[in-house]
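What follows is one structure encoded as structure tokens, with my remarks underneath.
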Amino acid sequence: MLDKNGIAKRIAKEVKDGYYVNLGIGIPTLVANFVRDDINVEFQSENGVLGMGPFPFEGEEDADIINAGKQTITTLNGASFFDSATSFGMIRGKHVDLTILGAMEVSETGDIANWKIPGKMVKGMGGAMDLVASAENIIVAMMHTNRAGESKLLKKCSLPLTGVGCVTKIVTNLAVIEVTPKGFKLLERAPGVSVDEIKEATEGTLIVDGEVPEMTL
Amino acid sequence: MLDKNGIAKRIAKEVKDGYYVNLGIGIPTLVANFVRDDINVEFQSENGVLGMGPFPFEGEEDADIINAGKQTITTLNGASFFDSATSFGMIRGKHVDLTILGAMEVSETGDIANWKIPGKMVKGMGGAMDLVASAENIIVAMMHTNRAGESKLLKKCSLPLTGVGCVTKIVTNLAVIEVTPKGFKLLERAPGVSVDEIKEATEGTLIVDGEVPEMTL
Amino acid sequence: MISKKVADVKEAMKGIQDGMTFMLGGFGLCGIPENAITELVSSNIKDITCISNNAGVDDFGLGLLLHKHQIKKMISSYVGENEEFERQMLSGELEVELTPQGTLAEKCRAAQAGFPAFYTPAGYGTEVAEGKETREFNGKMYVLEEAFKADFAFVKAWKGDEAGNLIFKGTARNFNPCMCGAATITVAEVEELVPAGELDPNQIHIPGIFVQRIFQGENYEKRIEQRTVRPRN
Amino acid sequence: MISKKVADVKEAMKGIQDGMTFMLGGFGLCGIPENAITELVSSNIKDITCISNNAGVDDFGLGLLLHKHQIKKMISSYVGENEEFERQMLSGELEVELTPQGTLAEKCRAAQAGFPAFYTPAGYGTEVAEGKETREFNGKMYVLEEAFKADFAFVKAWKGDEAGNLIFKGTARNFNPCMCGAATITVAEVEELVPAGELDPNQIHIPGIFVQRIFQGENYEKRIEQRTVRPRN
């Protein structure tokens, strides 16, 4: 079974040379720490920066230079700043190659819910609705089940949707799953996790096709 | 009767303090020469400059700094450069206060034709269609009649339209005319020109209401 | 040069009235018009609608207006980080219209640039699209979104000149440029106000034509929400 | 940093084919991609569609491609200043789609920013709106215009870096930024190509994400169409 860093580490393998990547808040943010350093990747943040670098050294924080998680950041050579309309032009116009974000629920048809629990938690969708409606390559990073132990990979989302039929891949603490027209296709098992355990934790249709390899990190 | 400079001079009186003004090619360009220098006005050119100044001194021309007529220009303090989409955002968004342009024909309902003579002259509309569709204050600068002596102030335009019901005022070599719901209202006569001469040269409905003053320049 | 300079925040805010709709720049607490917000709080203006990506935190930014119950309605994309907001929203005291962030930016830009409406894929198939026209283009579904209408836009820039030209800094740019010229009156506050002619015309982010009033701001706190740093080896 | 640098114009033009649609920046002869045009001429590519505000003059800019009959169709707003163009158009040899200038710019920007279509007032009630959907918003009529689709965009900037970031100069900016990222492949030629890190991230006009290939241009003529000067007293 993977921890949050493990999930981020596995997702980092999906990041290819030359990709512009948008990372959501939470586990996705950790992905940047595990991207191979022999490939060239640029991170975009929807609040208006391309070419993000690591956090600043203490004392060098600049209140005017933050990421979408409101964290102080630095920029690398080749970076640029721009306004919010231009930023979402990059996203909507499919110039960003890969979007990695968290989710509360994903359905077997690729629907995603991650912005609202009616009557309880209403933080807003931020840029998530634009991201999932526009990107062609969307990876969800999340735990396979919620705190109550219920599956987050469902036949149908129960929470208000963020986007419809958009998720292409899911990496959880248990598995790597591809969203196909026929349902969740199990691609890889987390170290030490059995197919049965994954079946048990997946409410939606799980397609197990032959031998399912254990993932390598 | 006015010459081209006279028309420009009369139109210059319509330019008020604090106005952003877009000047078309031809007579409208001359208007800048006659604006009172005790008022503050900024000239916008749709190719991407606000705050245009006079032509450069010989030897100081810069191929990268031109107006929409492709003439080399200079800029004044407070000027800015921007792209074409932003430029037409200023125009479409009604941030430009006054548009002055030439015309081949104007109808008594404020239609304007100035971009095409089918089968003969087809230079294109350039920015004129955006300007006339967006601006609320549009003054046409033109001769009252064409080279064949035919009126350019018509009941209905015969040439392909540039815009519909958009012209608010017309200044010609003979008169200042307001476009009203009832037709062309004669506001002022050019020096030495009689009401009858203006009537004669106007094909569309001309409204003459009481004494029509001679214009002062 | 048409001067947009006004003496201070008080003169800049002339004309604000109860019930008006305001746009406020900023992302989180980054690039927010601190002086305008302070003045709105002390003006006791009420029943206002605020178009702003976020709603501040409990004791800073728009949170200050929320605490005094001056805001009737918020139009935002993300309103976490603010307990009072969540309380007012869940209790029904505060009207909230949540809008995807890119749609929010473009609804401002549409107002600025004279577009009445536009089609965006964001929100299709979700409750955001309920009651809105949807339409297919090239096999993909889009939602029709209309331009905002606002009375005042309050923005914050880094440098500005008397002609109203603005230059923003870093990610404090965010929604500020999109809101300029998107309301009847745009009020810009700047960290450094210089005479016209001192800014390079080639480096202006927002030409002065989109700004009606500009003033030299003061006492910027520029609070950091998430101070994240790394150790020096 | 993702490098967009290519060795020269030949490498930058790899993949161009007969029948393709190209966007070309510039207003008149100001800010046109001179190197790309020269290469298109010598490539003998044919049946191309060009989206460009103007069509050059008889012996420069796109006029060079027209003279060799390489252009099948022009999409422009203004095509005066070019006799050969007018001859080919009136004789029917050349297909021409005249588009209002602001609409032309926005059809590029829509392609760049992922908007399938937008409503504009320009051209309503004229032959430009024939066959297009029109619609009322707030008592005013608008025309629905769709985003462009193009294979390559050729733009010219003043400075650029290896990451593809661009800075334009003066009114040579014009359509160039709007076309970046509006075609499948955007090729930028620059007067000065510098290593990544040398341009101020705050002063970039077009971020490199909108550019696929960048090269150091050469031999710029930068011809002036209307040399207007004033006397020194």
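By letter and in written order, the chains are A, B, C and D; residue numbering begins at 1 in each of them.
Operating definition for what follows: a residue touches a chain if its C-beta (ideal position, glycine included) is under 8 Å from a C-beta of that chain, and two chains touch if they have at least 3 such contacts.
Since the model is a prediction, treat every value here as computed from it, not as a measurement.
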Label of the chain whose CA centroid is most distant from the centroid of subunit B: A
Centre-of-Cα separation between subunit B and subunit A, whole angstrom: 55
Centroid distance [mean C-alpha coordinates] between subunit C and subunit B, Å: 36
Centre distance in Å when subunit C and subunit D are each reduced to the mean of their C-alpha atoms: 33
For subunit B, residues that touch 2 or more chains besides their own: 49, 81-82, 85, 88, 91-92, 134
Touching two or more other chains - residue numbers and ranges from subunit C: 109, 114-115, 120-121, 168-170, 201-202
Interchain pairs in contact, sorted by label: A-C, A-D, B-C, B-D, C-D
Interfacial residue positions of subunit C with respect to subunit B in the complex: 1-3, 109, 111-115, 161-163, 165, 181, 195-197, 201-202, 204, 207-210
Subunit C contact footprint on subunit A (complex, rising order): 45-49, 54-73, 81-85, 87-88, 91-92, 111, 115-116, 119-120, 122-130, 133-134, 160-165
For the subunit B and subunit C complex, residues of the former touching the latter: 18-20, 40-42, 44, 49-51, 75-82, 85-86, 88-96, 134
Subunit D - residues contacting subunit B, complex: 27-31, 53, 76-81, 86, 89-90, 96, 98, 100-106, 108-109, 120-128, 158, 168-178, 205, 222-232
Residues of subunit D touching subunit C in the complex: 114-121, 137-138, 140, 142, 146, 167-170, 201-203
